[in-house]
Amino acid sequence: MQLQLSTWPEIEAHLAKSRAILIPIGSTEQHGPNGLLGTDALCPEIIARRAGDAAGILVAPTFNVGQAQHHMAFAGTITLRPSTMIAAMMDWAQSLRRHGFEKLYWLNGHGGNIATITAAFSEIYHGVSFAGAGHNQPPLRCSLRNWWELPGVMDVCRQLFPVGEGSHATPSEVSVTWFGYPEAARQVAMSPRIAPNGPILDAEDFRRRYPDGRMGSDPSQASAAAGEKIVSAAVKALIAEFNQFAAD
Amino acid sequence: MQLQLSTWPEIEAHLAKSRAILIPIGSTEQHGPNGLLGTDALCPEIIARRAGDAAGILVAPTFNVGQAQHHMAFAGTITLRPSTMIAAMMDWAQSLRRHGFEKLYWLNGHGGNIATITAAFSEIYHGVSFAGAGHNQPPLRCSLRNWWELPGVMDVCRQLFPVGEGSHATPSEVSVTWFGYPEAARQVAMSPRIAPNGPILDAEDFRRRYPDGRMGSDPSQASAAAGEKIVSAAVKALIAEFNQFAAD
Amino acid sequence: MQLQLSTWPEIEAHLAKSRAILIPIGSTEQHGPNGLLGTDALCPEIIARRAGDAAGILVAPTFNVGQAQHHMAFAGTITLRPSTMIAAMMDWAQSLRRHGFEKLYWLNGHGGNIATITAAFSEIYHGVSFAGAGHNQPPLRCSLRNWWELPGVMDVCRQLFPVGEGSHATPSEVSVTWFGYPEAARQVAMSPRIAPNGPILDAEDFRRRYPDGRMGSDPSQASAAAGEKIVSAAVKALIAEFNQFAAD
Amino acid sequence: MQLQLSTWPEIEAHLAKSRAILIPIGSTEQHGPNGLLGTDALCPEIIARRAGDAAGILVAPTFNVGQAQHHMAFAGTITLRPSTMIAAMMDWAQSLRRHGFEKLYWLNGHGGNIATITAAFSEIYHGVSFAGAGHNQPPLRCSLRNWWELPGVMDVCRQLFPVGEGSHATPSEVSVTWFGYPEAARQVAMSPRIAPNGPILDAEDFRRRYPDGRMGSDPSQASAAAGEKIVSAAVKALIAEFNQFAAD
Amino acid sequence: MQLQLSTWPEIEAHLAKSRAILIPIGSTEQHGPNGLLGTDALCPEIIARRAGDAAGILVAPTFNVGQAQHHMAFAGTITLRPSTMIAAMMDWAQSLRRHGFEKLYWLNGHGGNIATITAAFSEIYHGVSFAGAGHNQPPLRCSLRNWWELPGVMDVCRQLFPVGEGSHATPSEVSVTWFGYPEAARQVAMSPRIAPNGPILDAEDFRRRYPDGRMGSDPSQASAAAGEKIVSAAVKALIAEFNQFAAD
Amino acid sequence: MQLQLSTWPEIEAHLAKSRAILIPIGSTEQHGPNGLLGTDALCPEIIARRAGDAAGILVAPTFNVGQAQHHMAFAGTITLRPSTMIAAMMDWAQSLRRHGFEKLYWLNGHGGNIATITAAFSEIYHGVSFAGAGHNQPPLRCSLRNWWELPGVMDVCRQLFPVGEGSHATPSEVSVTWFGYPEAARQVAMSPRIAPNGPILDAEDFRRRYPDGRMGSDPSQASAAAGEKIVSAAVKALIAEFNQFAAD
């Protein structure tokens, strides 16, 4: 059940049954020679929507631009300053709280988002934490989960790609997007086969260290078929975890 | 050509030919008994992507949550404070400028966004306007177009819906989304047939005046077939206008 | 009745009768070869104060610097970033609400302000719209009116200046200021007689397109006598509209 | 010479002779039983404009709402949060710097503004102070002067009102406004004759301590004639000091 | 009693007896050839902790970086923009209010902080002043005292250093830090013996006027023994004043 | 070498040799029945200063209040909103960059700070990443290290406290502070011996789950002697790592 494809009376009816919502959150940033700029937003979106359809979970629109300053030396990357991202997440949370949502489960697609998402949770909680005795703020609970850390998912990935998974522009995430958008699959020569790995600093330093944008990965192994297996595992795990969170 | 479905080398190659980009911008807000919460984001997205495919125009991800405080008394609406939206648009613009984009064409799907988008353009231009002689800021030009004001589009709408177009949750916009998402079409009883119209103030006042969320409209007339006609007219006009803007 | 020329007990007494206030809001920006930098603040101020005197309407101090980045290439222009202007309008509104004012009528003198003023209204309403059930925020209603759009005013202007009214540094607005400040009237040669018109982008582009600051206008036609006619029509319309707003 | 009553070519010509500008800055806040809400904005404005006329000094529009939270329990007071006031002063300063102004002389009418104005100067200077070697920021120098501290002014005040000058709603400041606006003079009974004095905390505490808004003063002594003497001394001192500042 | 060296149950117990807390606030900035960069934070810290130990006063951690833009041309200086400092002080105040503290006594060590601290108090009070009737904000009272203005302290300083006290990098403040950190005392040649004095503008201007960082002072007179006398006087006065403030 | 105990000429001399600085960063928050409120600021400060003394590393003042909203239901905790903390860290970084520092090593004492510190690094890098070709921003590199993750430190902790280390108010961190401040050691009864563990949400939830503030720990095992062993291991590892970072 997608919020953007629902009417308001349908959401009102849903709220009578559940106070929880699933929010895909990602980034728009370079993903190497054959990975899509939308990879980190598309992966959680693909997984979340399938889980929503299969289990009646309400899925919010995708928060599709995140924390990507370190990829800014590659064309097409779009980034929010952390302070902007915190403000925007505050507004999403305040909007949803107004309607009676009490549990926000953010399914994240980008490692570089983790810090700012966590900081945003803290900013959201500050409203209550500063308020002291006698306040009338309704409860609100946020949860962050990176899709690749859903139980069982990394096992599938490691089985599929025992070598060259790496940490950015991985064959696993590229596969997930190709499964979702088969027409986007493309063969691109890349060398060396496995990209270098190392630290992440500013944008210019990133491009010097990782000239084609990959970090430690060999995404030439990606395939839509592999993506299907990963998505299947992720959807199953997500449904279980979300329902547990909603029921707590 | 969608940015999120492209790789960075493809964007880099595109920039060698064109410095312009098309950004769909909308809102996530109630659209009455049978309209989707995503209507105002989906309409410009549907039109922009078709134009992008037809004419090789580069289309950014959709800026999908906007200025919707007046709809906050209806479940599912999500809104950004204007100051947050300005900050986020600043970051998108600064990101794109860094890569060499010089012309940002924002295709808008929500009347309530116009003021804040226009204010954001002014905030973006202030960077240059405060800078004085000798600055090294590259040029950047922003343009705002509401999709329903593309040349010829309102003519089609009026022909299709001579009565009951109204100003919110219109049969035209509902039709466009049903054309894009045929499975989302639904028949919902609504009364009165044509909703009341009037001013827009805060969220609680809005719900008192417009109990089911519609303003002056009869969206029970909507159909995917009508949507196709509207989209067809809009795509044609958009391609012409965008190319003119890019060539100026 | 001007707030700045009243004492606090007088305002307290006024509040017992009316919860509405009239706020002139303008800009400090170039107005071509013979127009005053204060034109856009002076016009609503002149009209508002006369209406206040004639009908006992309470008039706030003038919000005298606004959104003028596009005029920054002309000496003397002062501008607020939109985010600053929104913050300042928020503070004015919160101050007035604290005293019991419930209706703020902003009489605007500058087209370039419209977007940011409207965005500021939305920011003000967000306080209530995020608050949810059980909040104790008092009601507050904002209204924006451009003085030249008061009923009947443009008719007078068109009659006085059938040719060369244009859109910036118009003979009408220049006339209004000369009526208010007769000593400020001056004859300045300008050429071409009617200035070019076109789009508004950043400050440097503006000066290239409109070298003497006028847009589409011939303000050499301005006169204090014409200003008197315009002001007279505007004051009459303003009193009627404000009283309606206050009574709603 | 008032900026708001000048044209941009006149300002451009003035800049060729002088890079300095005089900015009246005040507050809109209660001033006791017979003092005007605009007192603290009107006093520097009255003095500045007379100095401007007499000596060809360029006078900016008045920054007319300031730091007045402690007066918020009295109807009609309007206040800016300090963070808002700093942002607005930054924008004024950046605007004026763009045109080539290098010296901003702020003539202040409100003791409660001093801290925030001084903090704003520091915020303005931070731009340069963070910039490091090789920056291309033009020089900018800010100066703050409270009108009552202009050389010789307090001597005149003490001579006129040896008893009951006090610290808020003083007979001196009330006199200055009555000289500027003779029609605003009014006789109001007040008791005790000399108001209590003490510390300034929040708005509610202020009203408890100073029930009619005065602090330590007896403004029933005010007169337009006294105001004329004070203004005369202030204008003379201001011209000398401003010219010295501009010449440094 | 230092908050940072206490446990939370001890603070809870303390709150049952007193709602007041003492917060040392300073700056990290150059203090001439022989003064420590931490001087302005260390002085109030040294005095406050001794008072806390002697009289059971609760002392918060030191707010150790302040408003020091004018010293930024000297290596090691760290500064906060005023808007940042106001936000941080707001958070400290909101945190302490949540626990039940009602009186915050800020002992300041830096003249350049006074304006921003005072502005921050106003920002803190705005929360209450905007809130209007029926709000449930607990009372909060802030007090600012510069340590050198504690009753009797300047008398001691003048007696110790009748010549060359000056206004920055004074022998008195250097002595206080050497008393607190005897190992930090050092002999450094400086010339002229008494530094020049004058106005404070931006960082580059400051270094031009005061090449070694001193203003009007001869800190070569400093000694730990002198520091002991000053601290002794300050501690005694501080205990009396703080207890009075807490009891009010 | 402590910055706050140095003079500016000494820092200038140090910069000629090294462009790196070590910044202890922590939090002021409850640490259970026998842990100090300052624990998370004191631990990195104690370790950093010893490393600074032993190896000539320059140590900045301690950033002593951080992200502690989840501890706000315990008296004495002080917290910064993440957006405030990011702004303050930006100012510290900009200040240090101005003087020529190029490498900022932040030694952190609080797990709850990690997200916001990482977000702040991203905010700092955005300045460069948005700037595009031809900018003149000097390089700046930030590094974050939690003291307990310095190589070898957790081995020592596990050896000392094989049971009951837990995750908040651990015997290890309490021991470190008691080694630094032996007079602060105290015996406090606590039960159960090992505290419960679990998730961290808002402040009120935290106190419900962890009534005395501990998470999973038995800090009754703490001792100054254990602290000495931990500090010794940490100092050694820190010197090696910092020097490597400075030399890179």
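The chains carry the letters A, B, C, D, E and F, assigned in the order they are written, with residues numbered from 1 in each.
Here is the rule we go by: a residue touches a chain if its C-beta (ideal position, glycine included) is under 8 Å from a C-beta of that chain, and two chains touch if they have at least 3 such contacts.
Just so we're clear, the structure is a prediction, and the values are computed from it rather than from any experiment.
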Key: Joint neighbours of chain D and chain B, given as chain labels   = C, F
Ask   = How many degrees of rotation map chain B onto its copy chain F on CA atoms, rounded to the nearest 5?
value = 120
Message = Could you work out how far the Cα centre of chain B sits from that of chain C, in whole Å?
response = 29
Task = With chain centres taken as the means of their Cα atoms, state the distance from chain C to chain F in Å.
result = 53
Ask   = So which bits of chain C are touching at least two other chains?
value = 72, 79, 81, 83, 87, 95, 98, 129-130
Ask   = What are all the chain pairs that meet the touch criterion?
value = A-B, A-C, A-E, A-F, B-C, B-D, B-F, C-D, C-E, D-E, D-F, E-F
Query = Mind pulling up the chain B residues that touch chain F in the complex?
reply = 94-95, 97-98, 136, 138
Chain A to chain B touching residues, read off their complex = 2-9, 11-12, 15, 28, 30-38, 41-42, 60-62, 64-65, 72, 74-81, 83-84, 87-88, 90-92, 95-96, 98-100, 181, 184, 186, 188, 213
Query = Which residues, counting only chain F, touch chain B once they are in their complex?
reply = 129-132, 134
Request  = Under the touch definition given earlier, write down the residues of chain D that touch chain E in their complex.
outcome  = 67, 69-70, 72-73, 79, 81-83, 86-87, 112, 114-120, 122-123, 125-126, 128-130, 139-141, 201-205
